[in-house]
Amino acid sequence: MTLLTTTSSPKPKPLMPTMDVQARPDERQVALTHAGIQKLLLPWAFKDNTPLVVSEQQTPIQLALSVTLPPEIKGAHMSRFVRDSNQWRDNAPLSLQSLKPLLAQLTQSLQSSSAQLTARFTWFVDKIAPVSQLSAPLGYEIVIRTSLDASQQLTTHLTLTLPMATLCPCSKEISDYGAHNQRAYLTVRMDIAEEALHTVSLTQLINELETTASCPVFPILKREDEKWVTERQYDNPQFVEDVVRDAVVLLRQHKGLNGFYVSVEALESIHAHNAFAQTAEGSLSEAILL
Amino acid sequence: MTLLTTTSSPKPKPLMPTMDVQARPDERQVALTHAGIQKLLLPWAFKDNTPLVVSEQQTPIQLALSVTLPPEIKGAHMSRFVRDSNQWRDNAPLSLQSLKPLLAQLTQSLQSSSAQLTARFTWFVDKIAPVSQLSAPLGYEIVIRTSLDASQQLTTHLTLTLPMATLCPCSKEISDYGAHNQRAYLTVRMDIAEEALHTVSLTQLINELETTASCPVFPILKREDEKWVTERQYDNPQFVEDVVRDAVVLLRQHKGLNGFYVSVEALESIHAHNAFAQTAEGSLSEAILL
Amino acid sequence: MTLLTTTSSPKPKPLMPTMDVQARPDERQVALTHAGIQKLLLPWAFKDNTPLVVSEQQTPIQLALSVTLPPEIKGAHMSRFVRDSNQWRDNAPLSLQSLKPLLAQLTQSLQSSSAQLTARFTWFVDKIAPVSQLSAPLGYEIVIRTSLDASQQLTTHLTLTLPMATLCPCSKEISDYGAHNQRAYLTVRMDIAEEALHTVSLTQLINELETTASCPVFPILKREDEKWVTERQYDNPQFVEDVVRDAVVLLRQHKGLNGFYVSVEALESIHAHNAFAQTAEGSLSEAILL
Amino acid sequence: MTLLTTTSSPKPKPLMPTMDVQARPDERQVALTHAGIQKLLLPWAFKDNTPLVVSEQQTPIQLALSVTLPPEIKGAHMSRFVRDSNQWRDNAPLSLQSLKPLLAQLTQSLQSSSAQLTARFTWFVDKIAPVSQLSAPLGYEIVIRTSLDASQQLTTHLTLTLPMATLCPCSKEISDYGAHNQRAYLTVRMDIAEEALHTVSLTQLINELETTASCPVFPILKREDEKWVTERQYDNPQFVEDVVRDAVVLLRQHKGLNGFYVSVEALESIHAHNAFAQTAEGSLSEAILL
């Protein structure tokens, strides 16, 4: 084991390095799918494809940026990822449609055949209370993962996570009164075809997907709203399995999806552990790791 | 600003350091309340003061260990914290009563007037389903913070976090049927007098404190249990304010507490945000930071 | 134990509740220091007191809002916290000086003698690479905790967390070459007097406090910058104890602070655990819980 | 949108449910790959395949347990997962070889064609300081994901995460003295063939994989060890790309792997963001989602 082999003096250093260490040849014959940076936080904006609501929001966006490294190249020039992404902020907000040119720029800056970008941020949608009609924004976690391969093929995965309520059908049925309910989180990942990117709206997807809940959650609920929400939950019991299935039925109707993955986790109010269900179809059906 | 002051060669190094850097004098006139290590994970055991259940559990314990540093000492000898705590594992399980000699050893090893130890671990209590009587263990997060000061005064803060269910009294009252409920977490911190440490049992405290819930949570619930639990929740609505108050009433009856802090956070099933309430009495009444 | 007492029918419900459940009297004689909501996320803006850089930033702000509850009041009207805070966003950005009127409004809306607000967000400061002068924003975690008590006394705690590098003085001294270094996090909490709030700038504090590092961290570093930063670290070794002490020396010079707390945690590159040091002075000297 | 459709009375309930809700037919034609529970924590033990060290450790294990649900079945009987897994604890420690019969039992209990189990826990390995030879345990995060499909085919993914130090080759080369280094985390996921499960030892893999670091991390380091470790880091600079490649070279030599995935994330001491690299081969080469 190399651990116990020590030396008493450092390796000699060349007086004047004439070539970046990163650019030197590597002899291990190992290609890397990704080399880059993670958890870079930048203040930026995201623009959504929807004419009905405020469609651009300023927000910190957490980025992962990387390129593919062939076996013979030792390392990526990490500083270029930060330089490039910092410049992007001046030009335009991030959007599902702005990603391809950014990835193309990375492949050029980093002299690589393909590049990947992941962006994480919070997207707010105004939620209107069902009776009082009082409105306030609710934040949803968004993850966009995208890659551009050597043949200029773009792959885009959009992931949305929605808080919601589920009320247990079994508890309702077996109990003389009441039914346990709880906050649950629905996560949907969609593999969106390049030609469909301009049709996808975060706000619209969120509004559509939360109909799978026993009842959506709201920021403001007055007394009359709380009554409505409580009864709505009770009238509409949903197992985690039901939420996943209803989401699948919705997503199957979407044109432009190569595939999708759906998962629901419910923070059971009767247990300290969670119930979950998940499934996937199309291009993502093999992507679930066990 | 020192940032822009650079130098072209490193500071000269003494050929043979004759004194540890940490032991050298410091001239800034700043005493440190804590200098030490955090997030040290060790496999160990904790022993609870209870004759009724399995009272010793093997578990990873995450430790923070530190000493007070007077203004004239530059640094603590960090490796001694690891050496000492690793030796403790051979002698005996950790317990509320074993802490004082460990702290005394740290003050000697580190040549300091006072020492502090924080231990975090999971403690399991068997929970019995209310009807089927099926039993399984449920894990509770425990934090023990303790310090020994220059006059050999021991201070011990025990913190327990309990998952539980709360059902909203308002939702029940205003709704024709149903009532929203959710998982909530009750956190209790107790400042335990030294002479009372031998009377405190984690298992007993957990069993006692979870009666403040609308209904406790259980690992295993068969159909008949789920009916019982659902109806129990509905029969026993509790705001977060009620859980805190019921816990305060319980804790006031405990002898041997110098003070306590109680907090409840409910993961509302009708919102994406949480409801919370908290209060403190006795020695901890000033400890809540805003 | 109440756990085993069940009933076969729910408590009778009044046909028409004439008074909110929350407004009813409570007989347990337990005052609550806080009753409110947590983890409410709103898109808003923060405005900093500095003329030198962009001083207002749009960002999601995570809020905790609460009021004190006297023993005789059963619960707080939770929806009012959301309604009020959502309205604030229309009027003005959040700032250290805007907090008092917001708290005053909460005491009125919730009919309480005192109110508390905690705001968490990321504040970006442009960092300029030391040689290339390339600039990019770096995000810092900010927490502002504030309370208004029954005598209209405002308390404001500002907490900043700064990533930075520390290089170990001991490692440098005992080694023939090299010295271990790592990312560390400096956390400073300041209790700011009301009359000094208009003098405090997040950007200025961050720039000032990061001089306590062996070297600050930067988003963009070209080759020439990386050389500078590497050598700067080596020239300026700092234990966690040193960073805390240097921060204390800086903070003692600040007028308008009633007290402060300083903590540093270094993610040691030679261990899997962390080194830490902390201390406090003035009004916060008793606030460190062990 | 269904959101605005409310009803004034709950759905009628059958007087005596004669069949579990979960067992009823479902008409949406959506199969679920997983339906089950997550974040169930049980005190258990894990047994490693190694004769050289203490090979069985008591520890809390966090479990996810699930089965595949055909389109026509409404829901899984969630309580059976807890009942079964709680019984397993009495029989034997968990091990890589004990998983298949547990999964087989789940398929029977839940009447499903296939089942999945994920186990997360901390595994401790004694690390010996390089000069003083002082020893203490270091904890590593382990995740075992396994599934048994309808044809009784077992798939087992073992994931290890190792803390380690990396020292930047570029920083060393361009600087007159010093070199930035930091804690990094190497994550390796292995798809282990069923017939090779009895040959795999966590302890052995950890010891082998940490040779890819600039230097491993240790719990206890005396002065002489710290000198050794500091110089070892400096003598052995490694980019994240190098660590991944060295791990790939090691893993290619392992018999019994259908494929593997390797990722390294370094908490750069010169940045607030992280460097990362990753790649995959064999059965896992398609498993990286972008």
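Observations, loosely collected:
Chains here go by letter, A, B, C and D, matching the order in which they are written, and residues are numbered from 1 within each.
In this text, a residue touches a chain if its C-beta (ideal position, glycine included) is under 8 Å from a C-beta of that chain, and two chains touch if they have at least 3 such contacts.
Worth saying up front: this structure is predicted, and the values here are computed from it rather than measured.
In this entry, A-B is the pair from A-C, A-B or B-D that repeats the interface of C-D, since more than half of their contact pairs coincide by residue number.
Where chain B touches chain C, the two copies mostly use the same residue numbers: shared numbers make up over half of all numbers in play. Of all chains, the one whose CA centroid is most distant from that of chain B is A.
For the pairs A-B and A-D, the larger set of C-beta contacts lies at A-D. Note: centroid distance chain B to chain D, computed from Cα atoms, is 27 Å. If you average the CA atoms of chain A and of chain D, the two centres end up 21 Å from each other.
Per-chain CA centroids place chain A at a distance of 34 Å from chain B.
For chain C, residues touching at least two other chains, in rising order: 10, 20, 40-41, 82, 139, 170, 174, 176-178, 219, 221, 223, 231, 234, 271-273.
The touching residues of chain A, counted against chain D in their complex, run 1-4, 6-7, 10-11, 13-14, 17, 20-22, 26, 28, 30-41, 64, 66, 69, 74-76, 78, 82, 116, 118, 130, 145-147, 155, 157, 169-170, 172-174, 207, 210-211, 216, 228, 231-232, 234-235, 239-242, 244-246, 248-249, 265, 271-280, 286-290. Those residues of chain D that touch chain C in the complex are listed here as 138-139, 163, 165, 167-168, 170-171, 174-183, 215, 217-219, 221, 223, 226-227, 229-231, 233-234, 267-273. Residues of chain D that touch chain B in their complex: 8-10, 20, 40-43, 57-60, 79, 82-83, 86, 122, 124, 134, 136-137, 139, 176-178, 219-223.
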